[in-house]
Structure formats: C-alpha cells, structure tokens
Amino acid sequence: MSVKDYIRQRFFPHIWCAGCGHGIVMSNMIRAIDQLGMAKNEVVVVSGIGCSSRITGYLDFHTLHTIHGRALAFATGVKISRPDLTVLVPMGDGDALSIGGNHFIHAARRNIDITAIIMNNSIYGMTGGQHSPTTPFGMKATTATCGTIDNEFDIVNLALGVGASFVARTTTYHPKEVSDILKKAIVHKGFSVVEVMSQCPTYYGRKNNMGYAVDLMTYYKEKTTPMGSKRKQEDPKLIERGIFMEESRPEYAHLCTLTDQRQT
Amino acid sequence: MESTVKFLQGSETVVEGALYAGLQFYAGYPITPSTEISEILSERLPLAGGKFIQMEDEIASICSIIGSSLTGSKVMTATSGPGFSLMQEGIGYAIMAEIPLVLVNVQRVGPSTGAPTAVAQGDVMQARWGTHGEHAIFCLTASNLQDLFRLTIEAFNLAETYRSPVILILDEIVAHMREKVIVPEAGEIEVVERLHTSVPEGTEYHPYLPREDGRLPMSDFGGKHRYNVTGLIHDMWGFPSNDSKVAYDLLRHLVDKIEHRADSLAQYKEYFTDDAEDLLISYGSSARSALHMVERCRQRGMSVGLLELQSLWPFPKETVKSKCEGRNHVLVVEMNTGQISKEVSQASSEPDKVYLANRFDGAFISPEDIMQILNTVQGKGI
Amino acid sequence: MGEKQLKKKIIIDREWCKGCRICVAFCPKKVLVLDEEDKACWKNSEDCINCGLCELRCPDLAIEMA
Amino acid sequence: MQTKGIVFSGSGGQGVITASIIMAEAAVIREGLNAVQTQVYGPEARGGATRADIIISDQLIHYPKVINPHVLVCLTQEAYGKFSGIVRPGGLLLMDPHFVRSAHKVNARQVELNMYKGVMERIGKPIVFNICMLGALISMTGLLKAESIISVLKTKIAPEFIELNRAALELGLELGSNSE
Amino acid sequence: MESTVKFLQGSETVVEGALYAGLQFYAGYPITPSTEISEILSERLPLAGGKFIQMEDEIASICSIIGSSLTGSKVMTATSGPGFSLMQEGIGYAIMAEIPLVLVNVQRVGPSTGAPTAVAQGDVMQARWGTHGEHAIFCLTASNLQDLFRLTIEAFNLAETYRSPVILILDEIVAHMREKVIVPEAGEIEVVERLHTSVPEGTEYHPYLPREDGRLPMSDFGGKHRYNVTGLIHDMWGFPSNDSKVAYDLLRHLVDKIEHRADSLAQYKEYFTDDAEDLLISYGSSARSALHMVERCRQRGMSVGLLELQSLWPFPKETVKSKCEGRNHVLVVEMNTGQISKEVSQASSEPDKVYLANRFDGAFISPEDIMQILNTVQGKGI
Amino acid sequence: MSVKDYIRQRFFPHIWCAGCGHGIVMSNMIRAIDQLGMAKNEVVVVSGIGCSSRITGYLDFHTLHTIHGRALAFATGVKISRPDLTVLVPMGDGDALSIGGNHFIHAARRNIDITAIIMNNSIYGMTGGQHSPTTPFGMKATTATCGTIDNEFDIVNLALGVGASFVARTTTYHPKEVSDILKKAIVHKGFSVVEVMSQCPTYYGRKNNMGYAVDLMTYYKEKTTPMGSKRKQEDPKLIERGIFMEESRPEYAHLCTLTDQRQT
Amino acid sequence: MQTKGIVFSGSGGQGVITASIIMAEAAVIREGLNAVQTQVYGPEARGGATRADIIISDQLIHYPKVINPHVLVCLTQEAYGKFSGIVRPGGLLLMDPHFVRSAHKVNARQVELNMYKGVMERIGKPIVFNICMLGALISMTGLLKAESIISVLKTKIAPEFIELNRAALELGLELGSNSE
Amino acid sequence: MGEKQLKKKIIIDREWCKGCRICVAFCPKKVLVLDEEDKACWKNSEDCINCGLCELRCPDLAIEMA
C-alpha cells in the first residue's frame, strides 16, 4: 500500500511546523508497518501529549491520544488485554522521559511487547521550547536562556540500564535506518526502545542559533556515526547509531496469559 | 453457579461483586486500607480468565485500566486517599473520553498520609470535584456487605451504560468487616454488558455520537472500526476540535448524562421514615451506627427514622428534599466535617433544620455519639 | 538495466508542502528547488536517480514517487 | 437468641483474628445465624496487641463493634490490662495463666484455663492453641456447636491438619466443661 | 525601588508580585497556559538571588517547593489543569504539615487535556476539594493586573501568616492580557515575613503548637532546632500519633484556622452595589465582562451592581449573604456550570433569586452574553 | 559520640519487626555520620512512606517524613536552597524505584548532591508484602502468590544507566561495609546511590519460606561477593558488592548558585 | 479621549503581536493612557492566523476584547477573509497589497499601503515591517505620538537596532500621511 | 598487648532487644545466647574478642560495647 493509505488524509497538511522532524518519523514508521505487511486493524498506536503525540490523530490505526507522560501505562493495559495486537507508542522526549520516565523504566523492566519510539528533539516543543531531560548540558531553551545546567540522559544507556531487551538509535537524516530499525523493533517480542533524533527547528534550532531543519539534519549527519565505526574511534564525541541490544527474553503480556495455569 | 451463602470481608465482597459483573482486567498499587482487594484479585482474577497487574503507581494503574477498557474489557482499580489524589488526572481523562471503569476508593483519615488505618469519610467531595475542569461523576457507597455486593455490580452497570468512570467509595470499617453475603446465582442480578456498535465494517462509526436513548455504542480496539480517542475536546469521531459549539455540546453532554439522572438512578434505603419526626441521613459505615441508634430509639418510643444514601453523586437532591419535608430535625451522620450535610442543607427547603452528627478523628462514630448530638439538637443537652 | 524504464516521477503535493527545503538540500543530484511560493518542485528532473531520499525525508508526506 | 458480643484480645502470633473469623463464619454458614467480625487494624497490629470483635445474633446486626462484651478473651498481659475492664457485668472473662497473671477482680465470671499448657502437652503444636481456645469458649457458653467449627475448618485448612485441629478443639471443650 | 508604572502581562504581574513578596525558590513544569510564569522566573529569579528549577513533573515541583519552604524560603509553583490534578497529593501534604507556599493555577478548559489554550473557570471546586481527606484551603483570584499584583503578595502573606498553601487561581484571559500595573516602592504594600520561633537553642521547640494568636512560629531546617515534619496525624512536636484526641485537635485546627476567617479575611470589591436592584457576582476575567455590562446598564438607567470576589476559599458566606439581601435578582457570572453560583445560593437567604450567567465552551464570556441572561431572568426574554 | 546520641530515644524500641534489616541500616548510617564528625544541625534526612521511611522519626537530625515515592523531590528543594547542608534520603525499594522511580532517575541525572540510600528488601513491607520492582523474578509475595512474573531492576545498573556519579551496593550482613561506603557516599559531591540489601523476615522471608532474619542474612553472605572477586568469576550468579562508580562531575545545587552570575 | 479598539491580524512571522504590545505599552507608559492588549492564543497561533486586540482609553478598560475595531489591520489574505467584516462602520481598514488582495468593500475607510515593498526597498530588512505598519497607523489615526513608540522600542531592543526601527517608523508615518 | 585491658563489655538493652537472634547467630565466638524471655545475653563472655559485630548488626540498637 502507499503511505497515504495509512493516514487520515483529511487532517493534512498536518499541524507540525515546516521542517519538523516528527513528520519524517511518522512517514518512515508507516513505511516500516507497510513493509511488514501488517493489517491496519491489528495496530494500536498510543501517544501522550506533545507535538510528537499529535501523531495519533494522523495515523489510520486504532489510535489513543492520552495524557502527558502516561502513554506507556495506557498501552500496557491494551497489550495485556490483547496480546495479539501490535502496540506502538511514539513519544516526545519530555513525554517519555521527563513526566513519563517512571512508566518508561517499568515497561522496560517488565519487557512487555510494546515498541516505544522516542521522537527526541531535546526540547518541549508543544509548550514552546523549554529544556527537556535530553537537552544537552549548556544548550539553550526558554527556561534556560543561558544554557541548561541539567545533564541530559543518554537514552540508550538509560534503556539498557533498566533492562530493555531491544535498544536502538537513529536520526531523521537516516530515514531508511528509521524504518529498518523499526521493523526489527516491532517484530521483536519484548520492550523495544527506538530513539529517533528528530529536529525541532522552531524552538531548539532557533534558541540555539542552529538554523533550520536542513542545518539540524546536517548536524545529525555529521555528529552521528554507526555503532563501532572507525569514525567513532577517532572522535569519541560522536553519537552512535544502530541497534545496541536485541535479546530474546520472556515477554510480559505472554506471561500474563499463563498465570491462571500456573496457579492451578 | 447457584446462589451461595458466604461469610466475607468487605474487600472480598467487592471482588465477588466485580467477578459477578464480569471483571476482566484489574490494575492496582497497594495502599492501606484497600490493599486486600489487589491481593485477593491477584489470585482470583487469573483463575476467572482475567488479567491482574500490579503497576508502578496509582497513575499507571488507572491509565492501564483505561487502555484495557478500550479493548472491550470490564475494568477496575482500587486505592485509598493518597492514591485517589494521584488518580485524579486519569479520572478526568476517563470522563472526557467516556471510558467505562470502576474505581474503588477505601477512605482513610486525611489529608495527606493522615491515619492510614483509621476510619473516615473525608473523600466524598473529592470524589465529586477532584479532577480539574467542569465534569460530573457517579459515586456509590454501601453500609453492609450484601448491599456492597449489589452496588459493586451496579457500579459496573452504570459504567457500561453511561460510558463513565464510577467511583465506589468505601470506608475502612466496611472494607474490613466480615459478615454474611448471599452470592446469587448468575443471572439473578442484571449485569449490563458492553454495548457494541452494530455499524458494520466499512460503514462510518462515530464513537461519540449518542443514540436516541443517549447511549454511545463502543467498538473495541483491535476490532473492525478504527477511530481516535483523546482527552482533548473532540467531535463525534473522536478527533480534536477547537470549535466552541463542539466544546459546548460535549461538556453539556458529559454533565447532563449524569446530573439529569440524579434522582431517577438514585440508590437509597429507608428505615422507619414514614412517621419519623426526626430524620437521620447517613451512608457507609456511619449508617450502621445510625441504624443501630434508630432501632434503639424506636424501642424507646422515639420517632426517629433513617435515610441511607447509596448514591452520593450525582446527589439525589429532589429525593432528599422530599424526604426532609416536614421533619422536626434532619441529622446528617458522617465521618467528616459535613460534606454531605452541606448537600442536604442545599437540597432541603428548610436548611436551618439540618444538623450534623459527626466524628473525624479516626474513631468510628458510635450510636452513643449520634444519640448525644440528637439530644442536643432536640434541646435536651447530651 | 534500461535506466529510462526504471525512472519514476516525483509527485509533489503543493497543498501539503511547507517549503522546509529538506528535499532540496539533501537531494544528491540537486534535482529539486523551491519555487517563488516556497513549494518544492522538480527542476532538473533528468538528473533524478530515483534514490527516493526526498520522499523518505519529506516531513510533510508531500512527495510521492510513482 | 439474644445478641452476643465477644472480644478476643492477644498478640499477633496467637491466631486470635483467625479464631474470630472461624467462629463468626461458623455461626453464619453452619448455624444460620448472623454474625459480624471486625478487628483492630492499625500500626498496633504489627507486634502489639490485637483485638477482634464478634457479634452473633439471629437479628440483623448494624453497629459492628462490641462495647461491653458478653465474652472477653485475654491472651496477653497487655491485652488483659487494656481490655479486662470492658467485660459486661455478669459476662465471662477467659484467660490463660501461661500468658496472663490476673491482677484484679472484675464484675464477671473470670476463668483461667491452662489451654497453652494443655496444647503443648497433649498436642505439641502451639499453632492450634487458638482452636483450643475456641473449644473452651463454646463449651462454656454454648454459643455454637463444635461440629460447626470443624466444618468451617475443613474449608480453610489442608485435610492433613484437620485431626490436629479437632484434637485441639476437643481439648478446649474438655477444659471448658471441667471449669464449671 | 521607587514606584514604577509598567505595562505587563498577567504572568509577568504574578512574577512581579512574587518577587515583591520575596520569592526565593520556584519549581515548575511547563504547561499551557501557565508556562510564561516559569519562563520569566527562570531569568528573573536567579537575578534576584533566588533559585529556579524546572522539575521532571508537577508532582516533583510541588514537593520540591515544600522542601525548600522548610529551609525558610518563600516558595511558589505554577501550573494548569492537568498539573493541578497531579499536585493534589502534594497540596494535601502541605496542608497537613502546614507549609507556606503559593500555587498558581492558570485554568484552561477541562476535564482532561480539554482545550489547553481556551479560557475557563472550571477548577474552582477542585481548588477547594481536590485533595483527599478533610481540609480547608485559601484560594484567591483577580480580574485586573493591578489587583493581581496585590493579591499575589496577599497570597504569600496568607501562606506565611497561616502556614498554609495558598492557591492563586487565574484564567487564561487574565494570565495573558497586558495592561498597566503600578509597582509600588518597597514597603508600600505590607509583606509578611516568615515568623521564626524565638525559642532559643537547647530549649524545646514545638513546631505545631500555636501561639495565643493562633500563629505557629517556624524554625528553618538547618537551623538550631531539630524537629520532625510528617504527613501523618502528628502531635505538637511533629511526631506521628494514633491518638484520636490528637487527630481531632489537629484536623479541627487545620479547618478552623482558615474557615473561621472566611469573612474577616475576605477580599472583594463592589461596584454600584449600594442601590442595585440586581446584583451580579463574579470573579476573574468574567468580572471584567460583568463590570463592562454593569457600567453600560448604569448609563442606560438600569440599577445593576457588581460584587467582585477575590477570595474564593474560604468562601465569604456571611459577606455574600448580606450583599445579596433585598436584591431582585442575583446573577453569578462565571465560566463553568455554576461552581460559585452554588455557594452563593447556599449563602443567600433567598436561593431562588440566584441565577447563573455562564459560558463553558472555551469562548470568553462577553457583556452581551451576560446582558441576555439578565434580560431573560428579568422576564424580558433575550 | 555514641549511636544513642543521634537518635530520639523516647521512640525506642522502634516499630520495626524483630530482625528487620532496616534497623541495621539505621545503626550503621549513624556510625558513618558519627565517624565523619558531622554536626547534627547540618544533616537533613528526608524519607518517603514505608517501613524504611519510618527512619526519620528515630533520627535526631532535621527530619522530613514525606509522601510515598517523592522524598527525592522534597530533598531537591532542601538541597538547592541550602547547599551547605548534608541531605540524606533513605528509601524503601518501592518508595525509591516503584512510585518514586521518576524522581530517582532525574535526581541522578542532575547529579545533585544527595545521598540516596535504598533499603532494599525486595518487598513492600509497610503494606504487607506485595512484590516490588526489586523482587526477583519468580519470588513470591501477597500479590504474586505463585511467584512474580515481573523482572526485577538491578539497582546498580539502573543507577549507572541514568548517570549517577556514585553507585554502590552492600548488605546488612556487612555492617562495616555499610558505614564505610556511606561515608564515601556522603562525602562525594554529587548524587550517590547506595543499595543496602536489607531483610524483611516478616513478609519476604515468610512468603518465600526463606526463614528468619538470620537465614536471610546468611543468604546475603553467601550470595554476594566483593566486586570483581574470584568467587564472582567462578559463580557469575553471585551479586557483587562494592563501589561501582565514583566520579567527580559538576554538582547541581552548586551550579544553581552560579546561574545568577552566568546571566549577567 | 474616546475609547478606541484596534485589531491587528496576520500570520505568525509578521510581528503583529509585538507591534500590538509596543503600541499598547507606548499608550500606557509614554502617554499616560490606559491600554489593554490581548491576543489570540491557541493552536492556531502556530503557523495560522494571529490576532491581537488593543484597547486604548483614558478611562478604565474592563472588557478586554475588541468586538468592532475602530482600526483593523489585515496582513494576510486569510486574516482579511476572516476579520474584515468586523471593522466598525466608519472605521479604518489598513492592508498591504503585498499580502492582501482586497476582495469586497467594507463600510469603512479601506486603505492599502505598500508597506512591505517600501520596507524592502528603503530598509531591506523585513523584520521591521511591523514597525512601519505602526508608523502608518499612528500617522493616519493620530492615536499616539511617534516618539512614544521609539521610546518604548528603546527599552526592548539593542541600541544598534534603534535606527533601523526609527527608519521603518518614519517610512510608515510617511506612507500614512501620503494616504490621506 | 594485654588482652584483658582491651576488653570492653557488651551491654544489652533488654527493653529494646526483640530477640531476633542475629547477634547470637553471627557472633564468631558464640558468646551470646537468647534467654528464656527471648532476650540476648552474654554467656561465654570470656570468649568475646570485642569484634563489635554484634553491636553493628543488632537491628534494634540494643547492643553497646563499653
């Protein structure tokens, strides 16, 4: 099918700003689903609140636009009740890791078969550009006009530390990587974390004098490198892309279906 | 399943009622004095083919049952004061998105951590107004376990019929006491099932378009209709809208579907009210003490009666008003500083005849406590 | 492989395009430009190698190859 | 039957809560009576004194707490100190000298039975002490039939432990009837 | 600092007021339409020697300001609907532990995410009853920025005087509009400072023992007195207690210190009320529309007046009652389905003369909206 | 001074059950403070809700007994306002990592100078023995009577993943290790995480037929080993004790005091 | 002075909000008048049409919104379509033909000024377009003095940009006075 | 080193001791026992090597060496 077959066309053009990376994530998330040949009725997309979370309005699946930070908790209820459905949870960095950090680490711990896609623009886009837990130390935002004194999370390290069984990172500059990784993440039986670095030209770019979408994506191109690449060895400051963890472990929603048998 | 006589704890009774009503998914986080509900369900629910999960906190608990409800399950969570406060945002979402769910709040002394194991009825107003924004809610309570069993089922029935969260508000005494419960055979008490849309696949389905009777048929996530659910003001398809007409219609609907039924759906019981000169109004465990006192008064020739409220919200104003008519005194018996008493005053045409008999110190209000206040109100001193 | 046959057309939805310039900047063959209304359009179409990157990177789903 | 209020008091490990539930359940399920059981619930419950209230009646029971019990059982010195005063005049106060040294006389029949000692000597398992106490109590008050207790126990414990409990109950019945 | 004329936004005005009152610590989490307060303070507060932190969520925000308040700082947080719901548990803690703090809630349309940028006054009852357990609270509001400046300071003063959280409840219009504000020179408006205990080191200090005037002097964490603070029912030393007498005294104190001052502390304004046959009662931005209408009516010979409430909680019942006396109609103007209107009915000796003029669809209520309802109430039709 | 000089003796004997490990943690926490020679007025102890959290009532410092899971958020307010004070936050495993997980990861991310002591008994003691996020997979609890199907967090990995600058683990069997590690943790300028495995005989021991306090402590003795020990190499299932991370990085409360200067 | 309602409408990047604030602030701070400024605030604000309302008066201003503006400025076709109907009969409707093609006549003085073109030709920085618009507006209405605008600008922008803004303001004044 | 002088006494607070048996079980010299009231007490005091472990491990702060 074509990408347009998966969207609710009447809401287009979408609300995201010109050059916002979230559209690229959406586009390639659709491609991944299409390439996997999944039926639209088998997919549930759950989002929280944020620019990124507006994605649920656009996608023609079962869509659940919830409250800020709690998407994974809603998704857990969906998945346990219907383990046969594919549950995708696209989130903003604030949604996933600031207010939503607790649900994130616990979903990872349980290894429930949900694909968490973090559309990481290192800023709170929706509310107008405040710093987020992934805003790198020293970068500017409307609540950190001289540069934030907060350290940032490394999403990959965080996900590994809390036990996610699939962990990957890529960027909007690398759209095929996005869909390739997402395909694996979706197929993976367990909790999958996919960080996609996704530009917010309107706030992150502007506040930090980093230019527009093209400049930010160029930055992603230049400052990232495939895992274990030679470039990384030469320049350890580069951010690695790729799949950092992919391990088969007992899955939670499945274990839940067994509990009645275990008891008798 | 035949009707059976059981000797149950309050918490067990809630579990029995919920299972009778067809509970399929429960998520909770332990908290005194509601933990027993989780503990019992962790064993019972999987055996009944349902799913139990202990979530990381109360916020996650209510969110996950909302997610599950959308797949077609009957869902419940249980908590107490602090957890109830944490669930307020989720309750608002369920109100806005019209998600059927049952939330049990076993009250304890507050505010804050208060006295976790002591009895109180201080969360009644919070049940009505705890979440932000204009809204309405159903809230039921019970004083004895037979009624509790029935009202638990009623809570599920209201949730399904009106696509709304329903709060079953209990107190420590009722939740922890044990007494006889007759669990009727299946079918004896009506159980309202999820109303599914009859719209066939391929035809447009409107998740938020009420039928003529006001009900909104649902379609399960994973089923044949794909639609959107949101906590934003939304149109009949479930998509966000900035239109103030849409906002007006939606909010009016959310309030009216509940408030308009305040009296027609009201659950209450009357004891010796026909000729009572003085009327007690009470609910939950306080009503047990009140009834004890009423029976004793009657034995001693005093003309006192009791109206026991089981529906707290929407408040059955007209019902209460008519029951208060012509009494010498109306004494509201509750364990707080007068949360329902204030509603009764407002309902009554003679608010200055409405008095409060209360305790809020964590000790269970006794028939003697009430008797002394009634005496005082009657001008007899304690 | 006959190059000609392989070649797909780039269709740009002008209603959806927001003129972000991503497709323009990253097209390996500099095939695309923004017109005076800030909408992307196919300029040196013959240079297009059908790499599809413009489609994959357009945040507005405004580019389709057919 | 007249409404009877019973209070069991003791400490966490003695099984007084369990005993109170068994007793009330037996009244309801086996003897067709009404019964309400409540218990003190609180931080005190951990370690400190516990208390369980039972009301048995052929009428509906509303107020679920016992103010002045017809029967009061005290199984620790602390419980005795705290509760012995509430027993109803003319009621029954049951104690075990292994745990409680009676200090003052109350306006009730005060009975000291060597239940713990008996259990340890005859059965050797302190875990069934509470059942022995139940046996003594029903034999002295005639509130319930022993078989009612046994049949409730059968729904609660594994079959292999029934005989142990029956023995304890019978020991209690015996001690109780000897006390007269 | 001399008195200066400024042209400010509502959010900036709150910041100016807070800084005038001596704000030292602010923690927040962004949310529309209150984010500006965080943004402005992130720059202004450090310059004024205070500390600003953006926390991970609203729960953490309120908890951290409580922690800071105990070190002796004047503290504040700001949020909107969903965040306000999340803060309820923390508010209850601050009530119980008697922690001075100011919480700004800029209301938006709810329930749930609702309409984040649209105006509403739907959280008024939640401000009163949002946390679990029996309690009381202070809640102020304002309709114009000059008053808002003063009332922000008043919020800090109440917080310090009564050791209580104080909610400053605003709406989107007031928070985002800009108008003239005269910022007086330091000292012109009274600022109540933290009352520190005079008990010397080594002598026993009772953090929860009220003085004769009812105030409870504090001792800063890190200072010379070590004591305990808890959300449990506690004695005068701050240690947990299971004694019901202690519980009674504490809860009575927590409620009475606020409710007994409902009328003596009441903040309100009157316009043309002396001879008004019809009285409007309003607050927040609704009161601007109401006042506009009242002035127009007066020009046209209609005898209408306005009572503008600035203290919403504790509700100044006696004040409102006396103001309602003898009017033909009382029209409560607000943007919800009648939250304050219900209080007015209850306060009034003629509740059937109390009417509601409202909107709750996210559109700002206009003088015309109110006029039409007044006409209708007067029997003239729209 | 003696240990008794640091406690509020009138509340003793304390409320904890016989053999509860929390008392051992408290005792050795006091010893650490004593050995550091800190003045009682310089120490603030903040706890949440749980058996472990009752600790604040017993300690003669400035004590703040807060709400469940939020102790670190309260402590953040204290520390930022009074960077000169020593702020200790003893927490239960549920308090710290279940409901409180979000505050935990963010306090770690910021590297605020607070010492978080997790009294990890792998159970919710206070509420009567439900499983916690550190209950090992398969172990029993009142809400997991057949064994939990939830995976457990490894607290050390979690703390490392979210960026804590001091991370250590020990057990109540090793009381000198407790005080030695705590001394370093308290002195460390930054966020310190100290996990102390602390037995709950009443619920964890009983539900899992693991015996009483002595048995559980014997278990700690046998199943743990110093970091990188030979025993660990021989038996990789052993749990390592020791200091896993100790790194000097910019501290948050201090950075906060600089923000006004940075702006001008 | 009579109370005047003014509405600026346009799109996000044009600086209409800033212009409205500067104008209202100038009225208050420099001319001792009262003024209230509000703006449409909503998801529409991102990208879509923006609107700012200003009321200027020597009286207190209560209702802060403008229903029928004395002066309406429309700077996009969308804004023109949406708002042109609200201008007060006899009022002033100001547009820039670079952005708006006037479609229908309104019952008001409709003035089209080539402000954008002028700014680009004379100054070359589109960023000061909004100040030019302010200049035109005050010159046509006499609502405020140009110096008031400049002195407010001085408190808001870096000194090096003042001349740029002054030039834009003067251009506007010139265009406005020519329009009569 | 004169062993005798070094030796400190173990003081057990019977009010605080809850009889958990930790000190008893882990005393390297088996110096401690529980008495009939389930309170810890010093039995083979001469064997005590003053290692202090009982004090450090007592959860009830019931043991002090002096």
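Residue numbering begins at 1 within each chain, and the chains themselves are lettered A, B, C, D, E, F, G and H in the order written.
Keep this in mind: a residue touches a chain if its C-beta (ideal position, glycine included) is under 8 Å from a C-beta of that chain, and two chains touch if they have at least 3 such contacts.
If you're wondering where the values come from, they're calculated on a predicted model, not measured in any experiment.
Colleague: According to the touch definition, list the chains common to the neighbour sets of chain C and chain F.
Modeller: A
Colleague: Name whichever of B-F and A-C has more C-beta pairs touching across its two chains.
Modeller: More contacting C-beta pairs are found at A-C.
Colleague: Greatest Cα-centroid separation from chain F: which chain?
Modeller: Result for the farthest chain: G.
Colleague: In whole angstrom, how far does the Cα centroid of chain A sit from the Cα centroid of chain E?
Modeller: Centre-to-centre distance between chain A and chain E: 39 Å.
Colleague: Can you give the whole-Å distance between the Cα centres of chain D and chain F?
Modeller: Computed value for the inter-centroid distance: 43 Å.
Colleague: How far is the middle of chain B from the middle of chain E, if each middle is the mean of its Cα atoms, in Å?
Modeller: Distance between chain centres: 30 Å.
Colleague: Return the distance between the CA-based centres of chain A and chain D, expressed in whole Å.
Modeller: 61
Colleague: Of all the residues in chain F, which ones touch at least 2 other chains?
Modeller: As it turns out, chain F has residues touching two or more other chains at 17, 67, 98-99, 101-102, 106, 133, 145, 150, 256, 259, 263.
Colleague: What parts of chain G, by residue number, touch at least two of the other chains?
Modeller: 42-43
Colleague: Note which residues of chain F are touching chain H in the complex, please.
Modeller: Those in contact with chain H are residues 2-4, 7, 12-14, 16-24, 26-28, 31, 172-173, 175-176, 179, 201, 212-214, 217-218.
Colleague: Enumerate the contact residues on chain A facing chain F in the complex.
Modeller: Residue list for chain A touching chain F: 98-99, 101-102, 105-106, 109-111, 133, 145-147, 149-154, 157-163, 249-250, 252, 255-256, 258-259, 262-263.
Colleague: For the complex, which residues does chain D have touching chain B?
Modeller: 21, 24-25, 28-29, 34-39, 41-43, 45, 61-65, 67
Colleague: Write out the stretch or stretches of chain C touching chain A in their complex.
Modeller: 15-16, 18-22, 25-26, 53, 56-62, 64
Colleague: Across the complex, what residues on chain E touch chain A?
Modeller: 29-32, 35, 38-39, 42-43, 52, 54, 56-58, 82, 112-113
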